[in-house]
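Two complexes come next, and they have one chain in common, subunit A, joined by subunit B in the first and subunit C in the second.
The block that comes next holds the complex of A and B.
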């Protein structure tokens, strides 16, 4: 190995370590006995998970997160598919413009988007709660679903639809018997991805939820009051859920049916 | 009633035209197809033949004109409502369904009861010799097998007209030849009406009992394969169907001059084309009196397997292609560079108006 390559390799390993170390520490502390979340870890224990699950706050936040995530997933899937179909009907220029427009919320700094949403909700006197969190999440999860499904649809073999029509199928029958089964892997993948993004979001949720809590806002609350390893346990749970969803999502969307 | 339907054509197109933007794909055209016909729409790519097929199938609406099938006006109906079924060029098999499910799809949509459906599907799979593949997915099939599935899927619907879009184009040469024979047999067996689009003149002549030659959005000639081959109506058809020699001549007051031959031909003065098939020309050393002949030099002899292709540079500057059977050539070969008379009878050549 040349010196040059060795330098790059070291740099790469250091960067990766820098990125992963905090996450690894959170996970490690969540299983350690040390109540101050400092080194040494102490003996392995599940104590912090037990305490976490015993708290009412956690269960309420878990419930809220579950509601928000599943609603966002379902709505993203349905609306995203509908929008993607709409885009395929437009001509190329228009659909490109539309895709850029619809991706704007993702490019905005989340804080700006959050402020804009909070201002809009208060100006229109819509009471904050899960009912405002869900549409707010949709704004930035939607583009991913639309773009993934749109990409799948543009690669869709038109002759399949022609064949089905030729054999007597109506548009609705074609959608349910041909199109949907064939785009299903992409659709499920895109949905899981939007769920992972939603589950993980703090800023937008914080500004639009009003009084309640989701898992990320619960972490924030706990950080302010007391710093104990239950936070690490909670962090680890959120990490596992988002990573799990994303891994499945990427596997499915890359699947070529 | 019965006699009436016997005399009306199964499919009648009147004044069909189609443009895409400023580009004219089909000039107003008429076409009648009788029950039991196997019609080939033959032409170079971009001649409008696929557009015409898609208009017949209902995938495209013509700008003007009427499409009638069985005497009923279907101009405004979509493909799902027409008694036609199409075999697509890429076959369009549903990749997430097995062979059996693919073939059963149309019947299922039509709500044919399961028992009847299974029987019909079983029969057609049997007929296409693909019963053994019924539980496979399309991606696990070879091109030829996919072709059979696509045919089965269309035929199980018992269409009034079966439309085939370049059905053999995706197959390799050997398979194409055997599939060609099989398509003919299939047509004879079920006695249906087939319309096939192809750019391959050999395929059109070998498959169909009627050929419509298309060029630049028009049907330039329609007739039996023999008609088309032996009596092409213009230089385009002559050049496109089969190999031919086309010589450009000038007609003046009822006769054309080719070197020292004078060929009577009625029609207006101007440039015309003379078409001679390569197998109608013989090469001789003595100028024959009664025939049309051109003096020239044999420049090349190409062995083609079943025949030998001879290239003659004629005194007029034209190049003639002459075919000789292998046996004939072996018993009497000619040396390259030899000076010969290329001659043919008056009956063998056709004077064609420049299309």
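The block that comes next holds the complex of A and C.
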């Protein structure tokens, strides 16, 4: 190995450490007796998790997050798949324009989107709650499902569908026996990804939920009040859930960057 | 044929209904509101440019500071991500896949966790100061690590690096080996190959990465609020405070649209000048 290659490799290892170390430390602190974010970690303990799970706030936030995440995942999957099918049949220019429009919410700063939604909900007197959080998440999760499923649909062998149709299969039969099994891994992957994005969202949720809490808004509340050591346990839990969903999603969609 | 078309339109319709009702209409409404005003906590629908004049006057300093800080984050993130992608493309071998896996995994998770992790790291009793003290490099904790523009920049770079890495990595992967080898055989030094062969072909990836990092930083208020301290107020903080504390949606909306417009202008300008900057670097 040349000196140049060795330097680049060192840089690569350092940048990997830069990406991972802050997250790894939160996880490490969550299992250590030391209540402050300082070294040493202290003896290993599950104390912070026990305290976290004993709190009513946490259980309520967990329940809200579970409801929002599963509804957003399900709705993203259904709406996104339908839209992706529509796009494949429309002419290319039109579907391209449609895809760009529907992806706009992902490109706008979350704060602008959050304030637009909060202002509109207040003007129309729609009461804030989980019912307003779910569609607000949907607008920035559905683009991911649409783009992933659209890419999968344009890549697969249409002759399977044509022969099924020639043999007299109905559209519904074709969908459930051929298309759906073929796109299933991508669909599950895209759904999990939209769930990870929904579960992690803080800004939009904060402005559209009204009084309730989800896991990220609970983290925010803990940060604003006092230094509560159970925050590391909560942070670890959110990391495990969101990163876990992402890993499975990327494995299923075979996306490697 | 017409029956097929109506079925396709019906398939796209639910997504677009949600998009229209919960994205397009609210954004349009917010834009209209940005011309209104507030009297006794109630919206008054008398259209004027007053809020935008306020953005260009009283808030000009905050907007310029925000754009400068966001541009700094954008440049640092893009250069860092390019170096990583360059390393992955030319030196890493299988280790490159590990780096990409880390970036992908941490992409969509732990936004708040990442920010408060840095709060713990950078504090005066945090691990970085602890380590520097233990190593004898400093005799008392460095106070400007946390609650400073520095803390905002490092936290945002950490959060945005995976987003910047992916488009640049895709662009670099698309660069052919043949012209690079030809340039090298003809005696071009690596810096020359980078500027004349590689960077022009990565234009889209690099601009996408910069635009992403720049937009997100310019619109963020959580990071400056948690790690920025009292002298790093970004425009997002003012916008958020106009809405939440002062109940003045029109001023907040005008600030948001003014900043949005400025960020779009900066990115448009940069994409016009990209080739020229490269040419200037070459000479």
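Note that in this section the second predicted complex is superposed on the first by the 254 of 257 C-alpha atoms of A that agree within 3 Å, B and C clash if a C-alpha of one lies under 4 Å from a C-alpha of the other, contacts with A are read in each partner's own complex, and residues count from 1 in each chain.
Convention: a residue touches a chain if its C-beta (ideal position, glycine included) is under 8 Å from a C-beta of that chain, and two chains touch if they have at least 3 such contacts.
Given the structure is predicted, the values throughout are model-derived calculations rather than measurements.
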Touched partner set for A:111, first subunit B, second subunit C, both or neither: second
Which of subunit B and subunit C A:178 touches, first, second, both or neither: first
First, second, both or neither for A:18, with subunit B first and subunit C second: second
Dominant contact partner of subunit A by residue count, subunit C or subunit B: C
Subunit B versus subunit C as contact partner of A:126, first or second or both or neither: neither
First (subunit B), second (subunit C), both or neither touched by A:5: second
Which superposed partner A:97 touches (first subunit B, second subunit C, both, neither): neither
A:54 touches, of subunit B and subunit C: first, second, both or neither? neither
Interface residues of subunit A shared between complexes with subunit B and subunit C: 257
Subunit B residues within the subunit A interface of the complex: 57, 59, 78-81, 84-86, 88-96, 105-106, 109-110, 153-154, 157
Subunit C-touching residues of subunit A, taken from the complex the two chains share: 5, 8-9, 11-12, 15-16, 18-20, 22-23, 25-26, 29, 36-39, 78-80, 82-83, 85-87, 89-90, 98, 101-102, 104-105, 107-113, 115-120, 123, 135-136, 138-139, 142, 146, 193, 196-197, 200-203, 216, 219-220, 223, 231, 235, 238-239, 241-243, 245-247, 250, 255-257
Partner subunit B, residues of subunit A touching it in the complex: 157, 159-160, 162-170, 173, 177-178, 181-182, 257
In the complex with subunit A, residue positions of subunit C that touch it: 4-5, 7-16, 18-19, 21-23, 25-27, 29-30, 33, 43, 80, 83-84, 87-88, 90-92, 95-114, 116-121, 123, 125-127, 130, 158, 161-162, 165-166, 169-170, 215-216, 218-222, 226, 236, 239-240, 243, 249, 252-253, 256, 260
